[in-house]
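Each of the next two complexes has chain A plus one more chain, namely chain B in the first and chain C in the second.
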Partner chain A sequence: MVGSPVLFVAIPLLAAFLIPLMGMIWKEFVRIIPGLVLAYMLVLSVSLIIYIQSHGTIVEVISGWGPPVGINLVFSPFSGALTTLMTFLGLLVWLYSHKFKRNVDYEPAKKYFILLMLMVTGSVGMVLTGDLFNMFVFIEIVSISGYGLTSFFVRRDSAEAAFKFLLMGAFASSFLLIGIMIIYTQLGTLNMAEIAQRMPQMDYHMKVFSLIFILVAIGVEAETFPLNGWAPDVYTQAPGPISAAMSGIVVKAAVYANIRIIYTMYDLQGAYEYLLIIGLITFIVAETAALKQERLKRMLAYSSIGQMGLAMIAFGIGTKEGVYAALFLMFSHAIIKSLLFFSGSYLVYNKTSKYIKHVNGMGKYLPITAFLFTLGAFAIIGLPPFMGFWSKLALLSAAADSNLVILVAVILVVSIVEAVYYLRVVNRIFFFKKRANTKPEKPTINAMIAMLSLAAIVLVIGFYPDLVTGLIERAADDLMDKGRYIGEILSKN
Partner chain B sequence: MKKYIVLGLLAVLGYYLMSIFLLVDFGLPHFAHGVKDVYLSSSKNILKVSNAVTAIVVNFRGFDTLGEVTVLFLSATAMSGILYKKRHDIGERSILFPASSIIRSGAKMLFPSITLLGIYVFIHGHLSPGGGFQGGTIIATGFLLMLLTYQNYSVSHNRLVWVESVAGMLFVIIGLAGYFMKGSFLENVLPVGELNDLFSGGVIGIIYVLVGFKVAAELIGIIYTILHEKG
Partner chain C sequence: MNVIFLILILFLVGAIVTAFAGKWSSLLQDGLFILAVTIPAVLFFTQVEMNQLVGWTRGGIHLELGLTPFSYFFAILVLLLGVASAIYSVGFMHGKARKSYYYFNYLLTIMAMLGILFSRDFISFFVFWEIMTWASYLMVVMNGTRTQEIGIKYFVFSAIGAYAMLMAIVLIHAQTGNFLIQDFIDTYPSLAHGRQILIPILLLVGFSVKAAVMPLHVWAPGSYAYSPMSFTSVFSGALSKMGIYGMVIVFVTLLSHLPEGGLIRDIIAWMGAMTAVIATLWAIAQDDARKLLAYSSVGQLGYIVIAVAIGTPMAMLAGLFMAFMHGLFKGALFMVVGAVEKQTGTTDFTKVTGLIRKMPWTFLTALISIIALAGIPPLGGFIGKWMLYESLILSDHYLLVIVAFFSSTAAFLYAYKFLFGFFLGQEEEEWADVKEAPITMLIPMLALAVGSILLGAFPQLILKPINNGLISLGFSDSYGKLWETSTLFNEWGDKVVLQPIIYAIMGVFLTTLAFTYFRNRKRTRYVSTKDISTSGEIPLAHENLTFKENFFQPFLRAVEPVMKKQIDWYYREFGAGLEAIFNFTRRIYSGNGQTYALYAVIFLIVLLLLNGNLFGQ
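So, the complex of A and B:
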């Protein structure tokens, strides 16, 4: 074996503690080491994905105590695919911000890169862990780095956004802890596989209460409808790459947690319908809210919330096709929305207010960036031949297979709203005159490489979706097969 | 009106929370059958650690503790990032009035014993109640006392960074040693010794000492940053 899942956590933590010391030797180390670590994590996850195709799921025991006594990490086709996606995006976010933060002092730069690296690590940990309390710890790591990064530009608005996020996050953490505690008092274990196995023994009331607490808590991170008040503020105020990392990495991890809990741990009737309804509300509310936004990043934030609602709808359909569509949507949204955030932050670079009207006429001054933004906009609307088309098609056909015709209609109608607000921005970029007081900023080479590689993926997957469908299909199989998950982990004992 | 709605909602939430907790049979014999029996018996018989809480925190769930240490590290990092000022911008320590001579001589006398107590608590974390987090916090309160009492008392920032980083790295390195020597991260690689000895429990005692140093350094750093914030 080439490595083990535990290195996804151990190596970044070692590096995070090392960075302050290395920074004393040569200041560039604080920028370079996180990139090396993220690249290593990407290589590791790709090689592990190849390894598990022939050898089956890896269950990594920690501290020498097999499940359910100790903590374990699970690298299955599902968690592995998400890990690869997250580490890849993490590497690109690092690449994008490597030079972008050049004009920043040494101390804030050090903080920025440590927090960024640990945010990716925490998200990967959330996906890999097979232990409920361990997931709580990783959620804490992710949210605390999120608060710190949101207030990176020390300004009044960003402090407000970070504080809002902090309040919601602290609330969510205590709710999650209460939910975990209820489960522990009833079943005496924290291992997710054992909880899943023994869930039928649990008292019905306890089951419902604990699920409500956990869903509220994770719903905050996963941006589900009534709990996502923090998201637009945070996305607007955080640095551009961090908005991309939030929507591409953190939210994906939270949705994973949501799904793992509903699909694997609980056996409650009606949980799928909950996902379907809450996803539908999130989708409709967010997309209509995006329509009347005046700031570019705020619009992208609402669009990101809406896309997550779409993924929840797909999970809520509950069939294998639904899960497949949901995973495909998560994958394509992570790539496309990062591209949009990356290019969008350059289009409104020099203005702190980031109004949509500042993109007027940028097509002439920043042709490549503007083109990449347009590509991303077309892809996320779901126009063929881009990647977003295939994922939306998968969702619609999954809904149609389950005879949810009204759902298909609603999704299509709301997609028109989506098309309207994206095309409006594209129209402004190319067909409006540049405003006198906006100054275009050329992207750095690193940022250009990051954006171009994302755009290449959007196009290549658009033409050859078969490159990823196999992987996603295996991941969907893995998620649906609850018995095998329990068996694989508990047989490690 | 809004206030009453919020209060009403909170009351409903509180009612349901209470009714759940009344349903839990705290203290009854069948309460939480599960992993707890393994924890209790193996911490005494296999790990030779007399404080079962420490055995759970550092060994069975040591991975969580590593995560918690990281959470503290992140909070300290994020906070100093937010409160960061350029060098020439650092303000005076915000103390309203100077300490009286009673406090000054008292602080001088108390400081060594507070530090000693802190060190005692984290070295004996596997034998008696307490441990790295508690010991580190006690040491930090000693420094808080000194910083509040003496206007010109200062702590070297670089030294704090060194202590913090080296302690954190050694924690991960001990974990990796377990991974490479025994095949599982954070597994005990040292002989466990006799129950109730100071040198018992293998790496558990060492990890808790490291956690103590790290927590102390981080909390002192946080206190120092807050005290120097320009008001």
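So, the complex of A and C:
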């Protein structure tokens, strides 16, 4: 074994504390260290993914207390795939913002990178942990760093957005605690594997109550309707790369938590239907709300919520195909939406209001950025031969195989709305006259590399989806096999 | 590597290389562009073997490509128009903005159309179909005029069609477990009845959008009119035929197994007939050549849809023959408009007149193509229409004959308007120094016009591939019996009986003309259009003698009730209504943190109240 899953939490956390200290020695360390750490994490997670293919899931016991007593970290094909995705996106976010923040003073840059490291720590921790209370702690870490990053540009609007996020986050934390408390009083354990094992003993009403509290709590982070009111404001006000990190990393972790709880811990059939219905409502409301938006990042935020709704629908189908589709959707959404946020932020760079009309005519001044945004838009609409097509096909196929014809029709109809608002922006970029008071800002070289690598993934996976389908399939198998998960963890005792 | 892959990859690589070559040299770019179309076309006609399948797997899905005789027929049309229009494009795009963009999308569209024809599984089919859609979408918005309206309308309707098709495809996958077209055709008769009806209808919706069948045609006039004319000749000539291609496959292989198939066919035939009538009337009312031809394209597609929907052996032959002819003459006509636009800068009939001497070759193309369009013997258009009427009468669709006959007669009006508007009439000083179009634009136009003449004399050139294709779909062999059913053909079925007579008459006429011309050559004097006198008055230099405004007004006034409410209007109202509803959903996100907190609490309470119902044991 090349390393231990515990490093995923320990190293970025350590780096977050070391950044200000190292910054005293040489200011550039503040910008360099996060990159090194994230690159190391990416290498580590890729090598661990390769390792578990031959050796099976890694269950890491912290400080000698074996499960179910102590905390354990699980690096399975499912959590491993998500970890790799998150660290990869984290690295790109760092790359994108490395020079982006150069025009910002030393002090804010320090805060920015500390909070970014914490955000990655929390998200990766949520995915890896095998302990429910530990998950709560990581959710808190993510949320708090999220509040901070939202108000990074010290402005009235961003403070307001951060406050809304804080308010909803507070509700989420208290509900989650109530849910965890009910489980602990009933089952006397917080280890997820053991909870799953003992779940049939739990009183039905207690079971449902605890599930509802947990679902509402995690629903806030996972942007489910009607708990996602904070999201559009936060995405609009946070710096561009942070919006990408939110949609690509944080929300993915929250959806993971949602799914792990429903698929592994609970044995309630109705929970799948809940996912399906709530996912569908989220999808419809978000996509239709996106159509009339006037601000670019707000539109992208609603689109992001809508895509998460799609992933929840796919999880709600409950078959292995559905899980496969959902993971594929999460993967492609993380890549494409990051590309859109990255390139979109440059298209509306010099305006704090970020109106869609500011992109008018940018195709002439920022040809590559505009092209990349268009590529992302085409991909997220689901046009072949780009990546988004394969994930959408997987979802529709899974729905049709489960005989959910109406669902297929609804998803497709709403997808037309999605196509309309994206193409309206694309038309503005290329075929409208530039407004006199907008000033194009050339992307930095780092940002360009980050965007180009995302675009390359969109194209390569679009032409050759087999690169990831094997990985996703293993992850889906892993999630569906609840017995193995319980067995692997509890056998570590 | 298989040659089918090679062709597709050559197009793709050609598209990318051509797009970037413009950075170095415009001439190199033009050359590469022509090569990128012609090399795959040559490869296609020399190297591709019929019925050979190549399979591979992508993302766990088995995909197959191959060429059937039926797709071979459409591939002839696509490549013919593709090459002709590519040569034309070089002249047309010379000195225009976004040339690289145009070349890139042009090559991708041709690639996608060939890909559709090669596809033997639904996923490849859909992938190529969507590439075709977005590449042509990028062409429609290329001029930057009314992109938010016309471009989005095109995309929305294409998406409706494509998503209906995608829904059918995933339903098919749920039934057969794979995406192969042949497997589905084989299992279709054993499906449940509901699925048996739903799947063909969804597929037909998808194909009807591209074939511009009413009520899904509203995108077509705008998109045809506002794309670059050199692309529209492919767009209207070949791309719309992809819808016909799919429709014929659905009719022949699926609906023939269905008891309700006849009803569905009749409905589609009537929709085609309505399209033909309304679009023809709208075409007559247009004052812009681009829009006139755009509506005319929709109308002509209506005939083709009538023919393939009726689906008797002769009607099928007639429909596909007309599809090919439409590609030839409409391709040439759009090129004519492009040439006029290039040379004069406008396509408005009320502005441009009297170009016949300035652009004689363009006029010749227009004349031949208009004759073909109007269905006047001896050109190919006549044969198609004759066979259509004959098959409609023989299959007892008398009402349809009347409707088709009405719209085809009405089509004479716009055909005349087109010829007269640009080329005839008074020569005005404004257009005194208009030159003939460059040679790269003339050659493809004339080639297509010659094609129309050729098919009028030798329709078997294209009827044979059509028949082979239909047989390969499982349709009856109707070609050999053609002489039994159609009075048009001699008993060998490969010559048109009327043709020798017509050629004899034309021969006599032309000889007399030539004779008198050469005889009186010495005394010949060229006169201007103003060299006349009415009631002893000689018109002044600036007096307007050409009747251009309000063409056919009495006729249009007579048919006004039919044209009062466009379907377009209903769609616009529907769209506006939807946007208003969406504006309401936007209001759910009020931007007030307290409201959001309230949502969270209410949501929790609702879930707690529902718990037993929602999470049933």
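The rule we apply is simple: the second predicted complex is superposed on the first by the 493 of 493 C-alpha atoms of A that agree within 3 Å, B and C clash if a C-alpha of one lies under 4 Å from a C-alpha of the other, contacts with A are read in each partner's own complex, and residues count from 1 in each chain.
In the analysis below, a contact is a pair of C-beta atoms (placed from the backbone, for glycine too) under 8 Å apart; a residue touches a chain by one contact, two chains touch by 3 or more.
Since we're looking at a predicted model, the values are computed, not measured.
Once the two complexes are overlaid on the shared chain, A:13 sits against chain B while remaining clear of chain C. Of the two partner chains placed by the overlay, only chain C lies in contact with A:168; chain B stays clear of it.
Touch criterion met: A:205 reaches chain B and chain C at once. Looking at the shared chain after the overlay, A:355 reaches neither chain B nor chain C.
Once the two complexes are overlaid on the shared chain, A:466 sits against chain C while remaining clear of chain B. In the superposition on chain A, no contact is made by A:371 with either chain B or chain C.
In the superposed model, A:151 makes contact with chain B only, not with chain C.
In the superposition on chain A, contact is made by A:64 with chain B only, not with chain C. Residues common to the contacts of chain A with chain B and with chain C across the two structures: 205, 209. Across the interface of their complex, chain C is touched by residues 160, 163-164, 167-168, 171-172, 175, 204-205, 208-209, 211-213, 215-216, 219-220, 226-227, 229-230, 232-233, 268-271, 273-274, 285, 288-289, 291-293, 378, 383-385, 389-390, 393, 396-397, 399-401, 403, 405, 408-409, 412-413, 415-417, 419-420, 423-424, 427, 430-432, 464-466, 469, 473 of chain A. On the side of chain B, the complex with chain A involves touching residues 16-17, 20, 23-24, 26, 31-36, 38-39, 42, 59-64, 66-68, 70-71, 73-75, 77-82, 84, 86, 158, 161-162, 164-166, 168-169, 172-173, 175-176, 178-179, 182-188. On the side of chain C, the complex with chain A involves touching residues 57-60, 123, 126-127, 130-131, 133-134, 137, 141, 144, 147-148, 151-152, 155-156, 159-160, 163-164, 166-167, 170-171, 173-174, 198, 579, 581-583, 585-586, 588-591, 593-597, 599-604, 607-608, 611-612, 614-617.
Chain A makes touch with chain B in their complex at residues 4, 6, 9-10, 13-14, 16-18, 20-21, 24, 60-65, 68-71, 105, 107-108, 111-112, 114-115, 118, 125, 133-134, 137-138, 140-141, 144-145, 147-149, 151-152, 154, 159, 178, 182, 184-191, 203, 205-206, 209.
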